[in-house]
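Below you'll find a set of structures to go through.
Shared between the two complexes below is subunit A, which pairs with subunit B and subunit C, respectively.
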Partner chain A sequence: MSTPQYSLIGTRPPRHDGADKVTGRALYGADLKMSGLLHGSILRSPHAHARILSIDTSKAAAHPDCRGIVTAADFPATPERIVDLGEGETPLSYIRGNMLASGKVLYEGHAVAAVAATSAQAAAEIAKLIEMKYEPLPCVLTAPAAMAPGAPLLHPDLRCKEFGQPTTAPSNVADHFRQVMGNSEEGFAQADIVIEREFTTSTVHQGYIEPHTATALWNNDGRLLIWCATQGSFVVRDSVACMLDLPVSRVRVTPMEIGGGFGGKVPVYVEPVAALLSQKTGHPVKITMTRREVLEGSGPTPGSFIRVKIGAKKDGTLVAAQAYLAYEAGAYPGAMVSPAATCVFAAYDIPNQTIDGYDVVVNKPSTAPYRAPGATNAAFATETVLDEIAETLKLDPLDLRIRNAAKEGTRRADGAKFRRIGCLEVLETMKAHPHYSAPLGEPSHAAAQRGRGVAVGFWMNAGLPSSCTLNVHADGSVGLIEGSTDIGGSRTSIAMQAAEVLGLQSEDMRPSVVDTDTIGYTGVTGGSRTTFATGWAAHDAAQDVVRQMKERAARLWQVEEVQFANGVFTGGEHKLTFKQLAARVGEIGAPVVGRASVNPRGAGGSFAGVIVDVEVDMETGKTSIIRFTSVQDAGKAIHPSYVEGQMQGGSVQGIGWALNEEYFMSAEGRMMNASFLDYRMPTALDVPMIDTAIVEVPNPVHPYGVRGVGEANIVAPPAAIANAIHAATGHRMRHLPMNPPSVMAAILRG
Partner chain B sequence: MKSFDYAAPRTLDEALSLVAQNPQAQVLAGGTDLLVQLKNGRRETDLVIDLKRIAELKTIAFDPKKGLTVGAAVPCAQLCAHADLRQHYPSLAEVAGLIGGTAIQGRASLGGNLCNAAPSADSVPLMIALAAQARVAGPQGIRDVPVEDFCVAPGKNLLAPGEFLVNIFFPIPAAGFHAQYLRFTPRNEMDIAVVGVGVSTRVENGKITAARIALASVAPTPLFVKEAGDSLIGQAPTPEAIAQAASLAQAAAKPISDMRAPADYRRHLCGVLTRRALTAALAQ
Partner chain C sequence: MPQVYIPALLRPCTNGQELVEAEGQTVRDVVASLETQYPGLRGRLVSEGRLLPNIAIGIDGEVSVLGLNETVPPDAEIQFLTAIKGG
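The block that comes next holds the complex of A and B.
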């Protein structure tokens, strides 16, 4: 495919929300003030697993500053039903149960009641006056423990769905599925070398800076208005409507600016609770989580137990692979193990595969998506085993991967066949990158050793519906109305896709992210879909604008045919720029309003690789990242700075996951490090400048060739770092995080 | 967080009577520990007495013959910028720049770090190594306490009801004296010491004539390991002598396992860091 020439796509204009964000004027959910506003506070379980014997709210209710108290009993009486809010089929009671516990608490931090009061401080104090009686129950904290015979059961009604069929015995395993391609036993029999290893990964959190916040007003006209921090205003609308048994038309959600999400702000937590409190008090009610609440009461990403077995010929040809993926869903089913199965061997053309996935409930917070959910854990296993195969066969680790790279036409075990993908191009770019051949450099002190590692990761990306409206103004600027909350510069990358069509500059666009009444349905800002899908809608809406503008010009000039190229309309001897014609639309006819909605398939999928150099202090076990290069296929980088920003952000999160981040749980299921002091995310001082190399293998279905880039970049870092630690120390790390005590223990074991 | 009253006395006498009348009050210097503890419910109080408007607690005084007096509420940022302190107590300036980030250092003080009595306090092992004295004011008058005796349990110090810390005194370093604080944190900054080691050594004519070693995060309080320092006295600064002191320090450590690190790892680090800190101090 020849590369199209663009005037704006691929440049780096300033972002539309930049000034407001750097000056602090941007309005986030917690900034919201309105008259009569009450503040809500949630009482949470101190137990990881307990029966609720009683809830006595009388003392709290008697407090002079208390305006209302709600518990699970305040949900409308609705018969149990199965609902699907985009994350699979779930009983309504599970969805409600994670907002306010009913009958049992299933994790420390599980919400049991909420208070509305005249101040946030009063609400927190009054919540403590609610008297809870619990009967503590034994807890299970890991997938293998929860799967063991005789393990305490979280949900007495939960039955395992095995290979798609319901079973009868109560279980903590919600789902066991198997994907089979070829015959892995026969494949392993042909192999010259077979390596099988077990891996464990700890629960980690997305670590967005902005805590969850929502303000709800149950208006006198019966409409429920919500302002919140979310990745998807329509998901909030649909979830809240479902939980409160309201038609969606009764709920309006206004997304505020968002301080990070990474998947964790797809689910709702405080929105329905604020709504119930508002219904009870007649006032708007705001709930903003504390950091501890975010860590204990929102959705981290699953910890996991993984076994991966890979067989190869002497020349490095991979012939068979097997994976056992047991993922911790947290308190309710939904561990994102299915995407893990999709991604575990996606980068390779392996004819014989068997993949078993287990979705296991444990007494930890109900998990939420986190940037390529499930894939990072899986790649840690696969890419480490591949490194061992390369080492054993004395092959360059990138050559091994290049030899087996998935290409157009390669089939995955889930049955899907790749269209044009950039796996090979990413690997070849890594191989040719100056970093890969650069010397490691001298260690910084006598006890330090250095090593280099590589790995590659995949994320399939999502499509989902998106809508866009364009209003052409008389000065030639264009108002762009969209429903995708802007997490990483998407206002601008979407606006550029319309501006390119219209021959305008990015600065001519006025993007607005609006509420659910004002724009057509738009899916979440997630699945790396926003630049891809909402950008596509903007492109199509701009074409709608061009069509209407041509029609206005034809009428103005009284000509049959009007051409539009490079921002200029021509018809006969007539010629007007977009802006000149926009100024005259008023005298010709109706205002020009372009619109489009899309629900695209073929998100394309993105591969991303890492080259990393580490230095390990052999006396303390501490790993320092010396040099880090992220290579990713963007299809087409609309705004390269934002692509690089995604690559750098995913890399840093991957480094944190690799080295230090974990939910440190006591045996009783308490999170002992529920603060950003002790939940050790990397700071700017822990990472070098993340070097980036954007690969562009256009997505054949997208007007500009865009592939989502938000997620694949987090997948490879932990594996690449593990491989680098091995190169530096000679030790294979098979547990995340690879923190100083565990690396030191490996060194001391020898 | 419960509501509380706030008082900001201007003189030592005013503060003494306020503290004496309100034995349950919490005394505030920079507030970087106290306010967090009040917010997360680890401490509760009806009254916070802010001592940082009192001149004696806000003063750095350097006497080239005697030594350095640092007011209990002097913020770390001021210590880092103080010319005499940087010249004569470089390790102290360094540790003041290690506590928290820039914003925190505008408030956090050595006095607060000591009174908070965390086993992990970064400045305390170094202050012990520097043989610092804490000056305490109370209803019975003034008393001076060696810093190594100040902390008595996690979060508990030896201040009696009605008493508060006024300043910390550091004797003038003799010729050949060097001190060093080293800590280990999994993150490079914004982290709590998994192990911290403060050491000081004095070398005269090729022999070690004085040495003090103290540890953080390996016991209920910052730990002065006298025998480890004493083992160096009279010896040449050789790797063998250093290794012996390091193994004595390691043997004295009584760490626990928690979310920050396992006990055996902390013990291991005591040996490594003591050796590295002594090597650095003796190489100066």
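The block that comes next holds the complex of A and C.
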């Protein structure tokens, strides 16, 4: 099959929002100002688990700067019902309960009340005047502890769904599912080597720079207007409407610029609270979280307990695998364990598999998506066990993976059969990369040792609906209206997909991200779907523009047929460029407005691999990253710089997850490091330049072959670093993070 | 005719068969055909006309968002997958 030739796709034009971002003109949620604006502050629980005995707001309400106070009692008095906001069916009380606690608090930082006042400082001070009485209860902080007999129960009404069927006993396990393919016990019996290991991973946060912020105005006409930092304006609209018992048409959400999300800005936290305060005060109310509130009161990614067992023949052929995945959901059900099950062995063709997944509530913040949610924990287990198998069988670790790589037709344990994928191409690119054969170099001092590790990861990506409108202007430029929050340059990668059809340059496009009244439904900027799905909508909308422009040209030239190629319309003896025809559209008909909406299947998964060199200080346990190469299948890189940016960003987050980041929890469930001073994320000084290699195995269903690239790149880094630490020290690491005390303990154990 | 991949935990309903054939132009039709061949299977997939919350539909390996309303190509393989939550 010949490779399509593009004029714009695959080039690196400047991003449309670049100038505003670097000059500080771009408007973020916290920048918003409006007449009569009040500021909100949220009072949060100091206990990880406690019964709320009373809430006395009288002293706070008497403060001269107080304009209003809300608690869970201010939600509309609607009966309990099951709702589905895109993350599965959930009781309404759980969704509301995470905004403002009712009856019990389930984690430190759980919101219990909110105040609106004339300034943010006054609101924070007044919130402290609210008198809370609690009855502290014992807490559970890990999945194994919460699953143990006699563990304190978070939700007395929660019953485990065992293989989809309800059970009767109260439990902290919300769901237990199993995926089976072949017969793993028979498979293990055929194996020459079987390795089974246990792993634990700590709770980590997405660590976006911009805290959650929202401004709400309950307008005089009864409409609720919200401006906020979100990955999905329609998710905010639907969530707020659901919680406040409003029709969606009564809520308009305007997404502001966003300072990072990584999945953590898919859920809502402050929007409904700001709305209730606005309803109570009659004023617009803005709430912006502090960093402590972000860490304690928004959703981190799950800690987990994982057991993985893999069997192989002497030649390295994998014959059986089992996984036990117990993931912390935080305070409410919904741990990212089902995607973990999908990904845990997805990179390999293993005929016999059994995967058990457990969704377990614990007294920590309700977890939220984080870049390939669940997959990084799972790959840490699988990829280190594979490394041990390769070492035992004296095989090159990449050769072992290449021998067993999933390919078109490989079936996963969940039943899905892969279409064309790039797993093998990623692994072969890693094997051929100069990094893989380069010398490790001399350690920087006598107590240091170096090692190299590899790993590969998978994320399945999402489709979901997207909409796009194109307005052709008289100067030949095109306004592109879309609903996808731009986190990593997606305005440009979407605009380029329309411009390619129209024969225009990226600079000819004027992309705008607009509110929920102005564009058709568009899913979240998440699931690595935006360039794939909204780009697809832009491509189709451009086709609609071409169709209409051909009609105009046919009328102008009085010809039957008009052709369009390379940005030029031709008919008979006539010829006009897109821009020339755009200037004459007004003479011959109505303005040209192209539009399209899509809800595509076929997102196509993405595989990403890592080669990493580390240096371990054998006297302190400190691990330094010496060299790091990320390899990922992008299908087709629309704008290679943004693909590389995703790969580098995911890699650095993976390095932080591997080496430093964790919620330090006291036995009472209090986070002891709720600031960026103590929650240690990598800085530019901690990592080398992340080298990238883009693999392009086109996604057969997408107009340009796109596969989403936002997530798969975070999956492999912790496992690859663990394997590199083993190569350097001879010690296997089975807990994240692999911080200096953890590595030192392994060294001292010998 | 479309083929249906039956997850292991539902195979007792299909006499242990992993792949079965079922007629239909939509997933809803296919489920009805399955119920005719294997009485009781529909109850493990559908409740009150909707897919159970823990079930997702895959068509040739790609998850469908249209569920029971999804169109089924004649030579497609349909999979009943664990629904992804939290992604």
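Operating definition for what follows: the second predicted complex is superposed on the first by the 750 of 750 C-alpha atoms of A that agree within 3 Å, B and C clash if a C-alpha of one lies under 4 Å from a C-alpha of the other, contacts with A are read in each partner's own complex, and residues count from 1 in each chain.
Please note the rule applied: a contact is a pair of C-beta atoms (placed from the backbone, for glycine too) under 8 Å apart; a residue touches a chain by one contact, two chains touch by 3 or more.
This is a predicted model, so every value here is computed, not measured.
After superposition on the shared chain, which partner residues are touched by A:659: those of subunit B (first), subunit C (second), both, or neither?
It touches subunit B, and subunit C stays clear.
Identify the partner contact of A:367: answer first if only subunit B is touched, second if only subunit C is, both if each is, neither if none is.
In the superposed model, A:367 contacts subunit C only, not subunit B.
Counting residues of subunit A in contact, which comes out ahead: subunit B or subunit C?
C
Looking at A:115, would you say it contacts subunit B, subunit C, both, or neither? Reply first, second, both or neither.
It touches nothing on subunit B or subunit C.
With both complexes overlaid on chain A, does A:716 touch subunit B (first), subunit C (second), both or neither?
A:716: touches no partner chain.
Residue overlap on subunit A between the subunit B contact set and the subunit C contact set?
In the superposed arrangement, which is not itself an observed complex, subunit A uses no residue for both subunit B and subunit C.
Would you pull the subunit C residues touching subunit A in the complex into a rising list?
5, 7-9, 44, 52-55, 58-66, 77, 79-87
Quick one: which bits of subunit A touch subunit C in the complex? Just the residue numbers, please.
Contact set of subunit A toward subunit C: 84, 87-89, 161, 163-164, 175, 177-181, 334-339, 341-342, 357, 359, 367, 369, 373-374, 411, 414-419, 460, 462-465, 526-527, 599, 601-604, 701.
Taking the touch rule as given, give the residues of subunit B at its contact with subunit A in the complex, in rising order.
Per the stated touch rule, the residues are 1-3, 40, 184, 186-192, 194, 258-262, 265, 268-269, 272.
Mind pulling up the subunit A residues that touch subunit B in the complex?
Checking each residue of subunit A against subunit B gives 121, 124-125, 292, 619-622, 659-660, 664, 672-673, 677-678, 680, 682-683, 685-686, 739-741, 744-745, 748.
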